[in-house]
Amino acid sequence: MPFIIKLIKAREVSIMIFMAAFFIIAGAINPEFLTGSSLSLLLKSSMILLLLAIGQSFVLITGDIDVSVGSTMGLSAAVCGALLVNGIPFWGMCLAVLMVGLIIGFINGVGVAQFRVPAIIMTLGMLGIIRGAMLIFTGGKWIEDIPNYYKKLSSLDFLGLNLAVWIGLVIMVIIHLILTRTKFGRNFFAVGDNVEGARMVGLPVKRVKILAFMFSGISASFAALIFVMNIGFIPNETGSGIELQVIAAAVLGGVSLTGGVGSVIGAGLGAVFLTTISSSLVYMKVPAYWNNTISGFLLLIIVVGDAKLSQFVKNRTSRKSKFNKPVELDGKEGDSHAKSNKVLM
Amino acid sequence: MQNLIRYLCKWELALVLLLIIELIVFGSITPGFLNVGNILYSLNDFVYIGIAAIPMTYVILTGGIDVSVGAVMGLSSITAGVIWSHGANIWIAVIIALLATVVGGLINGLIVAFTGVQPLVVTLGTMFLYSGIALVISGGSSASGYEGISGFPENFVQLANSTILGIPNPIILLIILMAFFGAVLHFTPYGRHVVLVGINIKAARYSGIRTRWTVVSTYLLAGLGGGLGGLILTSYFGSARSDLGSEAILPVITAVVLGGTSIFGGKGSVIGTAIASIVIGFSQYGLQMASMSSEQTSVVIGVLLILAVVMRQGNWREIKRRLVSKKIPDNSKRGAV
Amino acid sequence: MDYDESPVLMKMKTVFKAFASQPVLQGVSLSLNHGEILALIGGNGAGKSTLMKIIAGLYKADSGDIEIEGEEVKFSAPADAHKKGVYLVPQEPMIFPNMTIEENIMIGMPVPPGVVRKRIKDEVKRLDWHLDTERLASTLSIAEQQLVEILRGLVRQADILILDEPTSTLTFGEINSLFKIVNSLTKEGLGVIYITHRFSEIFQLADSVAVLRGGVISLQGPVTDFTYKKLVEALMPIDKRSSGSEENHHSSMANTAMSTNEQPILSVHKLFGERFHDVSFDLFPGEILGVAGVVGAGRTELAEAIFGLAPWTSGTVTLLGDPIAKKSIRTRMNKGLVYVPEDRHSHGVFRIASIKKNMTSTILHRFKSIFLPFKKEKEITQEYMSALEIKSVGENAELSSLSGGNQQKVVLAKYLVTHPKVIILDEPTRGIDAGSREDIYKIITELQSNGLSVMLISSDIEEVVRLSDRVLVMYEGRIERIIKKQDLSIDAITSAAFGVKKEVVT
């Protein structure tokens, strides 16, 4: 029983179960959906959302939110396109694009950490500013004529997986290891879990918050690089509205908006799941306009279900712990107390 | 009472000043700007933002947020359109559409109040859900996706396009809503309940206030506000579309926050929201007159939003000190215990 | 312990600190020796917390010197203080709920995890604590959280441990364990600064006392030089001292006779809930019923169930002869039952609202007009502000600008405006200064003389003994004993609170 509860509590597992169920249903309706090529296409098309969700996780884990990622991706894509069209070499272009995200993230972070603007307001404002800046930068025109060498990168495969997928997976695994295995990574959780406490134990709270936004910004730039690669041109509305999908993906994957809880693997799975829903509809012969309805419905079911479940688990644990004998800090009761809790964990 | 007025006036006064500065600046850049008729008609382009933002103020006052309001606009628009196109009387269609948005708001409120899931997450989910349903309604009916349903009866189209005493109807509606919601907020027990719930929902419950009902009611009103906004927009354009208002959420929240409502709840005013939505509208209109595209003007809205919050939160003395000497510890603001 | 011979551990000289040009500390000088337990007392707003936060590196002093082991130190962050061996255990433990105990201790330490893990193990073993460091912190009780905080300090090899009112959220048993731990720590040379509001603790634990008043240390010396009375006098503002001590309350209350023939106003019969079992008792008009017991004994849960904040599983509660099981909180309040919550900050006050808005929050629905009667609202507020001696600039003052004691009075007033017949007070004097505490006692006895029935839940046994007509002692969710007035004593309550079979702990 405790193992099962622990398993259900790990949102990565529950979302994987949901995904498996979805794959089975979609596969039953149309077996073509489960072929290697359609699955690898699915992965490839979920990479933009996945990268953004990873970056967003940093911000959410520290207890903030970043709704400017869509517009950051848009501006980064525009810069990417403009530099490529003007013949700037690949690495120079990459560096410049990543700098765009880095700087925007830095501004967001400083606004939130230093000037104490609530994150949602700060990034909502930045959303408008960056979106406008992008349109001023492009003059409202689409950027086309991306050099072919760059577009071709999108069809590069290694070991059956697309280059973009490799980039996404490698980044995800590295970040996951950093977040869970290093002191540097644990700082993000600590700040989101209890800001005052983090300050008390001497963590550089402001720096951590700013860094989280910078990671989010860079992830948007990475997403932009892949976007340009895949699409081959940059429309005005690049990235518009994707911020809410990104947050939905992270939340779906178990990242809590209250901070301190979540993993990038979960967020990544959430992103893949959302993409799965939208790309499976074609195979299931459901009109595409059902996409949002299904996504929204599933998001609500999973989130509400999760809240109810954790309430239930918490009730069971706290009932035990509160009902125990008065805690003897140095006595044996303390011990049994600890154990009885442990069982329910 | 005097204190109340003084409290109310502070930020609202700053907004009015901002409005006057806007009028002067834009008036001097573009000569045609100060034409009264022009100004009034320009307001029509964004009055739906104010209509949605006024009830949204209540939601944010309780410490919540409703990002589904844009989707609700589309939902109300397409619902009215589809029902009408199936032969119903347009006013019956409008009433059913409004009912649908009330139900949408009710669902938001019920989930927020009874599950403990964060409002942002809940309304994010319902945003997808409602915009999806709007798409399904429009896709499932004969209405061609993005062109929408048009050809409404003249009296419905005139709703948003005619004037009373020279003032366009939508602006009259905005003023009525502002007066009504403002009075309810500041002068009735219900309004006080909303504020108290926003300051400390637990203390409110311990005070015998029906907190859940209060929370649910604010989302319900926000849904209704979205519905009204969507229908005004439908009437204004003369066509019903499922994606109407899909970009509205940024300006709506900007209007509420710029209007002086704290995103953490407990503090705010409806009049501020209304004035702020006019400020935003003028800046959009003025910048467009100065040959910027409407998307480009979002730079100005974004800057306004951030500056407003920085200015409101700014402990000016501290900022001055911070500028003088760089090494002030971060927590000095919290003061002695 | 002959701390006189040990060298000085920490010394601070003429420390000044002002917030927004309002002086808080005006030249504080203080010293702490190895192995010394220094009790620091002072009224609310005297600057105790500010002073400690300066020592712990959270605030920076405007001027003044701090020396540790003879070496002058300047802290600009808590981490600096940790390096010099200063650790502050805050009043509310700073725990990361979503991390394990181990992670909670490790976080922010510039030492390899392996080393820290070993140190944790060593410390836990040395102090003979039984603590599973893999537990998630959100499952810990407050006492255990405090333990983790102390561990945090020890693992950081603190020489100076500052405890900021550690017992305000603890129960008797937990307090005793804590005292044992503190004592064993000081034997090894650790210096402890102990902030408290409870005088009994000073005499029980401390070696010396320092009184902070008006931004300076007004008195400091070995604890043997002090008496209870002397401490009270040192704390009282000068103008209040002549008003005399309130020791005589008890005798005056004895006059309020309680006839047993009377109908109970509140009657609880065989009530079962998640955290209480088989609770039956009657509350009579004009009676103060004390409810004692350790935290976790189910007292607050019982009170919240009676008030309607949580359901009970079986049993009946009748108020004025009517069962109230299915009634909403609002209906119960309208019938004359109110509950003044234990946790003032999260359940009692609307921090950023005015005194007026706080006070009328409970009766808004009773105004029958569509619009709020502002004039009446103001009158009601002013009436209660003067009756309860709430000190502030006016009825529109924001609650956050008030002292803890005055905030508590506003919370009390907020429920009194409903004209209750039964008032349940849950820890009404927790965390407030001595002056306000006496005021609250006065209010409670006045309520009683006006015929109100009071259920007084308190962990301060002296308070319970002093005010109550009868005391109901709860232990593990059950009523352990009901003690009549003539049998009331601290010992009787303490032994019952820990279960009769246990020895009385002192």
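Letters are used for the chains, namely A, B and C, taken in the order the chains are written, and counting of residues starts over at 1 for each.
In this text, contacts are C-beta pairs under 8 Å (C-beta built on N, C-alpha and C of every residue); 3 or more make two chains touch, one makes a residue touch a chain.
Composition by chain, UniProt nomenclature: A = Autoinducer 2 import system permease protein LsrC; B = Autoinducer 2 import system permease protein LsrD; C = Autoinducer 2 import ATP-binding protein LsrA.
Please read these numbers as outputs of a predicted model, since none were measured by experiment.
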Maximum centroid distance from subunit A, chain identifier (CA atoms): C
Contact-richer chain pair (by C-beta pairs counted) among B-C and A-C: A-C
Distance between chain centroids, defined by C-alpha means - subunit A, subunit B (Å): 28
For subunit A paired with subunit C, centre-to-centre distance based on mean C-alpha positions, whole Å: 42
Subunit A: positions in contact with at least two other chains: 199
Of all residues in subunit C, the ones touching two or more other chains: 58, 77
Overlap residues in subunit B, where contacts from two or more other chains coincide: 331
Touch list for subunit A against partner subunit B, complex: 65, 111, 115-118, 120-122, 124-133, 135-136, 140, 199, 205-206, 236, 241, 244, 247-248, 251, 257-258, 287, 289-297, 299-300, 303-304, 307-308, 311
Touch list for subunit B against partner subunit C, complex: 1, 3-4, 183, 187-189, 192-193, 195-196, 199-200, 202-210, 266-267, 317, 327, 329, 331-332, 335-337
Complex contacts: residues of subunit A adjacent to subunit C: 183, 186-187, 189-190, 193-194, 196-203, 260-261, 314, 317-319, 321-332, 334-335, 338-339, 341-342, 345
Subunit C - residues contacting subunit A, complex: 58, 77-80, 82, 88, 90, 94-99, 103, 106-109, 113, 127-132, 134-136, 138-141, 143-144, 147, 152, 171, 173-174, 177-178, 180-181, 274-275, 294-297, 476-477, 498
Touching residues (chain side subunit C, partner subunit B) in the complex: 19-20, 24, 45, 47, 49-50, 58-60, 76-77, 309, 328-330, 332-333, 339, 341, 346-353, 357, 360-362, 364-365, 367, 370-372, 374, 396, 414, 418
